[in-house]
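Letters A, B, C and D name the chains as they come in the text, with residue numbers starting at 1 for each one.
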Amino acid sequence: MLQLDIHPTGRHFLQIPGPSPVPDRILRAMSLPTIDHRGPEFGTLGLKVLGGIKQIFKTKHPVAIYPASGTGAWEAALANTLSPGDHVLMYETGHFASLWQKMATRLGLSTEFLAWSGKDEQLPAAPSWRRGVQADLIEARLRKDTEKKIKAVCVVHNETSTGVTSDIASVRKAIDAAGHPALLMVDSISGLASADFRHDEWGVDVTISGSQKGLMLPPGISFNALSPRALEASKSAKLPRAFWAWDEIVEMNKDGYWPYTPNTNLLYGLSESLDMLLAEGLDNVFARHQRWAAGVRAAVDAWGLPIQCADPAVYSPVLTGVITPEGVDADALRRLIHQRFDLSLGTGLGKLKGRMFRMGHLGDSNDLTLVAMVAGVEMGMKLSGIKLAGSGVQAAMDHFASHAAAHAGLQKAA
Amino acid sequence: MLQLDIHPTGRHFLQIPGPSPVPDRILRAMSLPTIDHRGPEFGTLGLKVLGGIKQIFKTKHPVAIYPASGTGAWEAALANTLSPGDHVLMYETGHFASLWQKMATRLGLSTEFLAWSGKDEQLPAAPSWRRGVQADLIEARLRKDTEKKIKAVCVVHNETSTGVTSDIASVRKAIDAAGHPALLMVDSISGLASADFRHDEWGVDVTISGSQKGLMLPPGISFNALSPRALEASKSAKLPRAFWAWDEIVEMNKDGYWPYTPNTNLLYGLSESLDMLLAEGLDNVFARHQRWAAGVRAAVDAWGLPIQCADPAVYSPVLTGVITPEGVDADALRRLIHQRFDLSLGTGLGKLKGRMFRMGHLGDSNDLTLVAMVAGVEMGMKLSGIKLAGSGVQAAMDHFASHAAAHAGLQKAA
Amino acid sequence: MLQLDIHPTGRHFLQIPGPSPVPDRILRAMSLPTIDHRGPEFGTLGLKVLGGIKQIFKTKHPVAIYPASGTGAWEAALANTLSPGDHVLMYETGHFASLWQKMATRLGLSTEFLAWSGKDEQLPAAPSWRRGVQADLIEARLRKDTEKKIKAVCVVHNETSTGVTSDIASVRKAIDAAGHPALLMVDSISGLASADFRHDEWGVDVTISGSQKGLMLPPGISFNALSPRALEASKSAKLPRAFWAWDEIVEMNKDGYWPYTPNTNLLYGLSESLDMLLAEGLDNVFARHQRWAAGVRAAVDAWGLPIQCADPAVYSPVLTGVITPEGVDADALRRLIHQRFDLSLGTGLGKLKGRMFRMGHLGDSNDLTLVAMVAGVEMGMKLSGIKLAGSGVQAAMDHFASHAAAHAGLQKAA
Amino acid sequence: MLQLDIHPTGRHFLQIPGPSPVPDRILRAMSLPTIDHRGPEFGTLGLKVLGGIKQIFKTKHPVAIYPASGTGAWEAALANTLSPGDHVLMYETGHFASLWQKMATRLGLSTEFLAWSGKDEQLPAAPSWRRGVQADLIEARLRKDTEKKIKAVCVVHNETSTGVTSDIASVRKAIDAAGHPALLMVDSISGLASADFRHDEWGVDVTISGSQKGLMLPPGISFNALSPRALEASKSAKLPRAFWAWDEIVEMNKDGYWPYTPNTNLLYGLSESLDMLLAEGLDNVFARHQRWAAGVRAAVDAWGLPIQCADPAVYSPVLTGVITPEGVDADALRRLIHQRFDLSLGTGLGKLKGRMFRMGHLGDSNDLTLVAMVAGVEMGMKLSGIKLAGSGVQAAMDHFASHAAAHAGLQKAA
């Protein structure tokens, strides 16, 4: 048997911002025997998950479920709606926005990468990686595009590399204010089912998401939530596509099937995930993540370290990036914490490599797990010789003790 | 909990030609907690499965593992090696060859579809669906291509829709005999790890495969085994690609990682599958499938029904297609058998719809399971009023009783 | 990892008369994390299984659930109701009745072992092992006991060693007809949840059962279903007891807890088992077993071999014993079948060692699995040189094809 | 599906002193299909676990493995070695010692219950519940027993109700010093595989243990490790016994089988547990528990609360009892902590009800999990209005940061 943890005992603390810890219920559901993907039971499963996932995206329109991890769904969104050479306006919120832009270029699109151009003392190399999407910049750019050459505006909802959750409704307003027909495509891979998201109400044309974050599944499933305009655009889009093509998927999904082999066992997990999330209620899910994030940020504040996200209005409920002091190698710190305390943290990506680490607080977690995470980070920083202003653990405990969750278990206690 | 089987008790007989039954060891391995795909344990896992899968393909060159089901790997093979408008020679062995050809066209390639043009009394509509790839037709066509416009020859190793396993070595010989530089791309989605396959020795440039057949995993992982020539071709190929692009995958695979999130839990299953297959030995695996296939064919012969594959030289060790008598709706028969005997069979696809059914005999099976399958089919046919020449079950039993497997358990018995 | 099957692939056919195959749902439920056996969630679980198991026994009185395998529940029944030297009337139906009698003696009770004393040509050494309990013998004996020295009558409902299901109602009638106050204790370890059983209606005082048969669980849980008279008797019974003592268990069970640590994970399995059985309906469960048993007996008849049970009125729906021809070592046959066909059969026990084998047809099974079992036995017998009168497999298939189950799946097919 | 946790998300912190958290590897192993307990694969499993468990007890003599939870193994030890009316010297270390004494009385033995008679200000009602076994009291008592009426000395190694680990070697020395032939019986249900234990070296005659503590299994298996003297005593012991009888078990265990149905799936778990413990090495296992216990005690000291165990020489490495301030209902505190922080603690048992709680630190745990436990307790105490002298969490973190574990993962980090 492969050794999946180098530590002799205990449960690993998987506190990266995804894949998030997978609940036991889901792992057990996934391990049931594979069934015939053309048989009647599968149709029932298919219709259930296709219906349920719409509630998570808050949409009445089709959601394509891909048997592929999230990066594929980025490609799907572009390939189904655009033609070679089309001009796309993207926005640089961080590493994943950059990767998506790189992908768009690679697929033969003409990309333009907007970014906040202010100054940032702590991270002079990446000021726009500390803030959300600035809708006014988008609006201004679109107003200039009198020939409507821009075919799509692409933004990231929750930037997994930085811990910033942008205001998607404001982007839609900006597009509308500019009277521009561009499609709005949103990556909510790490936002969905953790941060508030409303595909229809916010006028998103394609929302991209994945299984391994708020949905609490292992990686391997990804999504495109569609709008009628996106479906219309797909009819004339010229980028070649087959596996990602919406047409056959949407058609066959009507009966709960797929044009090719879906990844059945992950769909068992999705079915279980939907049962769990819808039973809890999305509003409770979002409130839970906000409580957790506030507790973790209280710890970072107590340490006297800068939170990666510089704008409190767009703090992520999913993860918190922490900028390490000058001279500290954040990755060496992460390695020490992993080896000594059996805790995985997210690395600084791209422009942030070595300058920050990321603490995930999403999905199947709870208050004590997050206190443990904060404690592991705090011990690791002390062992690394980092001077801290105060006790982050105490701050987190103060937060969690004074902010109770609103759930059945607690009410019973009252 | 979703009802994955409408029958009240007992284990479902999943006898479609893939997904094949997943062994308990693999299901349990897949249900272990998800780990950090950037952590040190993952690197160990990655290197193990990347090394092991090469032994299955019998190649020394890289194998790209995709977190996507098999259809995606078809697209990957084309998109990495070809440019828009390139001419591709494909060969019609059945429904999956046809789907691949349709995909190639959809991706903007120019396709030419060779087929055996002889006459077939039993299936006049699809004579080439009863035979393997005719290498001489390919050689003749390539010889005519003096301008070397044909960039690739694409064939299916084991046609899952018909039960025909083509001679891939002969196709390589045909290409070489014609002195043609076309790449050889082979779909062995349902052949790998059940039927003899030798990527390097047979001179295949790209072999496509999937997880849910001989590897005994749920669907969700697919493969491209590469040759140096294929890698070279990918440098100048112009079809747009990102998720499927070999370059970043091959580069990052050197350390056991992927450029994007792999589907970790299915890789746990792959690790277990490799342990099982390599411990048994591929030659034993192939012999086991040949024994099974011969037993099932003995039953079909006893029934007096035509086997879909008309050429005994290319009988598939993976599945056996059975042509139903005129006037019998093969799908109605399949439904009755499923509902009455908890047994799933493969449907007749495309041109064969309603005219045949397919019995899978691959992966995690054994003699008695196959006798049960034959019994379920035989009872179903009798209940449907089909006249049979004799007892298929008796014929299968005679075969299995007189042909012992060569494995440890049996030797102990001696 | 331990090798739990010496065969390289496929699912083992576990056709012993218990432990029976455990459904995947139950195995998955059992693998959920262990909880605090003193916490509130456990109380909910405890009340659920304690309530559900009463429906299975068809009783309104307490059922003690032991975290111990079935043999312990035999001891519990005796130790809670009797005093050292008490005289007990037991009935020899087979090996398990004999073991129980041996245990009673070992515990310091005075035992009397009734048996049918007729002649049996096929098994002259054990004529009473081919028939059920003869209630008239019991009545006659009780009538003679004018001093009421007999404190209990102990019989086995379904004799797992022979395949005989005795008429328990007739035993109660016999006791009543004799006007005797003896307690009626019944071992239904292998009968419960497969063969009709009615604790209250049949006037049983203690019913003993276990988890690994009709309840489809692994071994490790056993039961004592009680009557008010049994509880009353326990107040004055003098045999020493602690672990098995009903008093504390019944008291603490009122809130869903146990006086000592219960085996939590098997109780998860029991909860799932109860959900499955009660959803199907006990009458359907019993009918399913009767259909199966009839099909298996049809095969034995076709072979021309004697069924162990000589009285068709008490054929067991759970298992069928087959007497092998003189000169055939039934255990050598079983070994060959196991090694060659991955099929486990029950051995001949005690007086029947080497003279018979047992085919289990209980719990989580289905028609095709039983046909496979019959086929494995038939092939094994032929390989052993046993002459058979005809095809048992054909007879079983004829039975199953003409006798449809009454369940949802089938009705859908209509 | 039963709701095994009233909290909506996250992993429950099961910090009772057993059942301890079960590792995923063990849960998965337990969920493999049940095999024939009379078949060849079972014999291999049986021999493996019977051999491995001897290494855990550090004995060369037989260990009886019961398919029953730990309380049964107490009864087994007494019933196999003693006769009705035999006089037994037991020692009151806490609630479990008291329950065992109560059981011995119930089984018809004459019991004498020694206890430390000093004064204790914090717990005047139970001074002996704060200290270990005083070997000198035992020696003095045995010296007085000139007629050798005392047949056995029974002590608890690790008192789960108090957190005291008695010095067993000293008890053997006391018996030998008194020149007394009494058997030494030791309950190490919660000590085995967490605290140092040496059955042979310490001259123990019967060691009783269970699965759900240091062995990290669910409850359901228990043990009697035997000495030649114990086996000799069993030949003449007169207490009735059958299920618990060593003779048949020891005899059949020679081939890896049991006289009755063992609980197969828990034995799969035991096999996995043995692999894990023996791979880590028992000395490392013990050192790990000592580090953990010291960290938890540092927290209790920082809080300024009394540790239940008043003698540092016998602090338990398995659990730590904490005496709550006068006027605080420890059980109300536990309930609040469970409901608010998803953390289960052990209750105060018997004489300690409401006066203390117990923190388990055993088995499949790690540093951060224990910090989380300490944090949960600390938050709960503050919410309950308990005044604490200082931060227990900080003290625990200081301990764990300065005391590194000696294992592979850490060494890699160096």
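Simple rule for what comes next: a contact is a pair of C-beta atoms (placed from the backbone, for glycine too) under 8 Å apart; a residue touches a chain by one contact, two chains touch by 3 or more.
The structure presented is a predicted model; accordingly, all values stated were derived computationally and were not measured.
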Q) Pick the pair with more C-beta contacts: A-C or A-B? A) A-B
(Q) Over half shared numbers or under half: where do the identical copies chain B and chain C land at their interface, same or different? (A) same
(Q) Centroid of chain B to centroid of chain C, CA atoms only: how many Å? (A) 45
Q | Averaged-CA centre spacing for the pair chain C and chain A, given as whole angstrom | A | 54
Q. So how far apart, in whole Å, are chain A and chain B when each is placed at the average of its C-alpha atoms?
A. 35
**Q.** Set of chain A residues in contact with two or more other chains
**A.** 1, 6, 11, 21, 24-25, 28-29, 31-33, 40, 338, 412
(Q) Help me check something: in the complex, which residues belonging to chain A touch chain B? (A) 1-6, 11-12, 14, 16, 18-19, 21-22, 27-41, 44-45, 48, 66-72, 74-75, 79, 84, 103, 106-108, 210, 212, 218-220, 239-243, 245, 259-266, 268, 271, 338, 344, 347
(Q) Give the list of chain C residues in touch with chain A in this complex. (A) 1, 24-25, 28-29, 31-33, 40, 412
Q) Along chain D, where are the residues that touch chain A in the complex? A) 1, 6-11, 13, 21, 23-25, 280, 284, 288, 335-336, 339-343, 363-369, 371-373, 375-376, 378-379, 382-383, 391, 393-394, 397, 400-401, 404-405, 407-410, 412-413
